[in-house]
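Letters are used for the chains, namely A, B, C and D, taken in the order the chains are written, and counting of residues starts over at 1 for each.
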């Protein structure tokens, strides 16, 4: 029962050390992963990365087996969100040594799933979840409304700009990129309307669109604040 | 009375299937429309689009006639918002085969009105409407204030930049484009002030303008949250 | 007493017509002003503008005299906000025919003050004012904090980028332009950091800065909503 | 006791004058610092800056000594936040005359710490602090979530764009710059995705990311409003 407590809970000292060790290793392995994408690294760095990877994957694998071992319902853990994440975090390493070289690139991406292992330890995520669920209906509505607005914007701008800028607004799909960049107010400046009609349309779409696209953040903020208020009352 | 229930309501099984079929066809027809804007499509694709269009328009036409048929007040339906939308969604197809080719381009835009047919099925829209009406006065006020700020910004920047950048800030109307892109914080980067005066003015306009332009989204968010709260109390 | 009612109030029919006429003329004169900035206008257009200007200024002058005439405390009106605006709206016209040509350009800007004449008629402005005053202290605090953040950002980026991009980050003042464009998230793309230090600094400044710069809009929105709620209770 | 009151409090007339003098000198010294970064200044300007600097540093030094002198617990003041800031505001001047020339550039940056001296005088900062602490947990959560989202975005875009734009998306670290500029919606336009996958990914990241990155400002705004409301009740 002792190992179960250490692995699954964090109220004992040993449990805390276990948690922090895993978190630290996740952090190390993410840093290593990021550094390894830098081109033209020296032979020695690559070697260090490889050794670190072997160590972290070994520990993550042991952790995975431990978690299965201590779980009351072993299958339930394996197919739970964290169970899948724990597996995906180690799988690429084992596959990359057996599968042929070409698919490795995509497999490496899987390693990133380790980051989701951290979420397990952040209790505050629950608050966000609560806020999210309180506002679920509205958030879904506004996500759909955002898609709706982006689509309308793309079709509209296609009609105004396609003839003058056939390269940038080649089709409705190409125009979608402009719509996304514009309605999120990122505005890279790689595509923008140059006709009077297109500019007027952009103005209209922004006036209406911004009060739809920007709403979700406001909703989450006020829901979070509400949850905080309720807790203060208790 | 059975057909009426199927067409106008969605609480029976047949009614739900009818609704989902129409929604699916709207979705298909929008995808087809978007794909058809891609240049240099093969003969075969164009043929597929044409056939799909004939099928969807036929079904939409039948739906339109059905809706007229089952409506208690037929004229009221025809001139209602959804009645007009249902007509506009099929009209371009019939017109494009009779009217001469040049105006077809604009007619095709009308097909997009099909998207508004989906709104009928989204009950959550009512919530947004309620939030919108609760805040109507403020939203109108801030829309006018936004226009006001954009106009002032355009005139101001015209005076500062017109002499140095006569191409980008040719007239107050040309400057309006800069004002829109700046105050919505899109900032494409196609036009921007280069004089010290123009930059100081931009700073001032942004400091004042942003707390006017960004307010509507906040208003809608808190109104939506209020409506949610009221429902929880009931 | 009849003229006084017409000019100063809008609850009688004549008063409403008077108000709408003035508002319409302000609108016309603003459009005319904007159009007149378009380069290479025909002789005839310029003539039309000139005639329109004479008519509107004459009416605005009569309105100004009327307002003085009907005011109980004539001096109080003349030196009130609207009194000054009413004067500034007609002054440029009279001065431009007497003063020498060079200063006319700046004088023309004064004509824009006419736009503030419209504010008189918008009663909803009071709500915004109330929200503004409820949050006055916070808004002043955040405006100062914004200036503070922008200044710190400008000095910081100057140290990181000045050596590598001496043209774009010539001095702290030049860097201020970058700070304004970045912290308002406009991001024109005319200046941006290219050093690693500068980019890390930008990230830090944005993380901290955005939760200061974006607050005022949120404050105004919730204050406005509060005022609305209080009204509903009454 | 008289000097103590003047230096540490601001409810007497002398205390207010003392405070305003120091604030004015901070302001002057910041302006001087900023102006001194302009390249190619005349010999005379540099001389003026030097003299102003000697005067302000002398007064700041006297102020520092005075504050130590009047403090009840001298060491506590010296190691307090304001004690350190007061020292850092004068230190660079003394060090720059003794230490060799190369490190001066960095030392000059220290002078900027003077700006934090102003914070002492702004009582409204307490309100912001209170709002900040009310929302501390959420703000920390969202800061971490923002880092999380930015990291995921950087890795994702690296996979999509690295092959096509090896210069702009050289490694995960290079991609982080894109992620920061995009998720804060600054969008300079120096780096942006060009592949279909990269653009779709950008859209997804923005849809999810914006409702995380933009939340802190909303949280602070509603916390501030709450604090205001509580005060009104008292």
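By definition in this document, contacts are C-beta pairs under 8 Å (C-beta built on N, C-alpha and C of every residue); 3 or more make two chains touch, one makes a residue touch a chain.
Being a predicted model, the structure only gives us computed values, none of them experimental.
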*Which chain pair is joined by more contacting C-beta pairs, C-D or B-D?*
C-D
*Answer with same or different: of all residue numbers used at the interface between subunit A and subunit B, are over half used by both copies?*
different
*Report, in whole Å, the distance between the mean C-alpha point of subunit B and the mean C-alpha point of subunit D.*
41
*Measuring from the mean C-alpha position of subunit C to the mean C-alpha position of subunit D, what distance in angstrom results?*
29
*Set of subunit C residues in contact with two or more other chains*: 185-189, 213-214, 217-218, 221-222
_Under the definition above, what is the set of subunit A residues touching subunit B in their complex?_
134-135, 137-138, 140-141, 144-145, 148, 151-152, 155, 158-159, 162, 166, 170-173, 182, 185-189, 192, 199, 202-203, 206-207, 210-211, 213-215, 217-219, 221-223, 226
*Along subunit A, where are the residues that touch subunit C in the complex?*
185-189, 218, 221
_Touching residues (chain side subunit A, partner subunit D) in the complex_ = 30, 33-35, 37-39, 105-106, 109, 112, 115, 122, 124-125, 127-128, 139, 143, 146, 176-177, 180-181, 184-190, 213-214, 216-218, 220-222, 224-225, 228-229
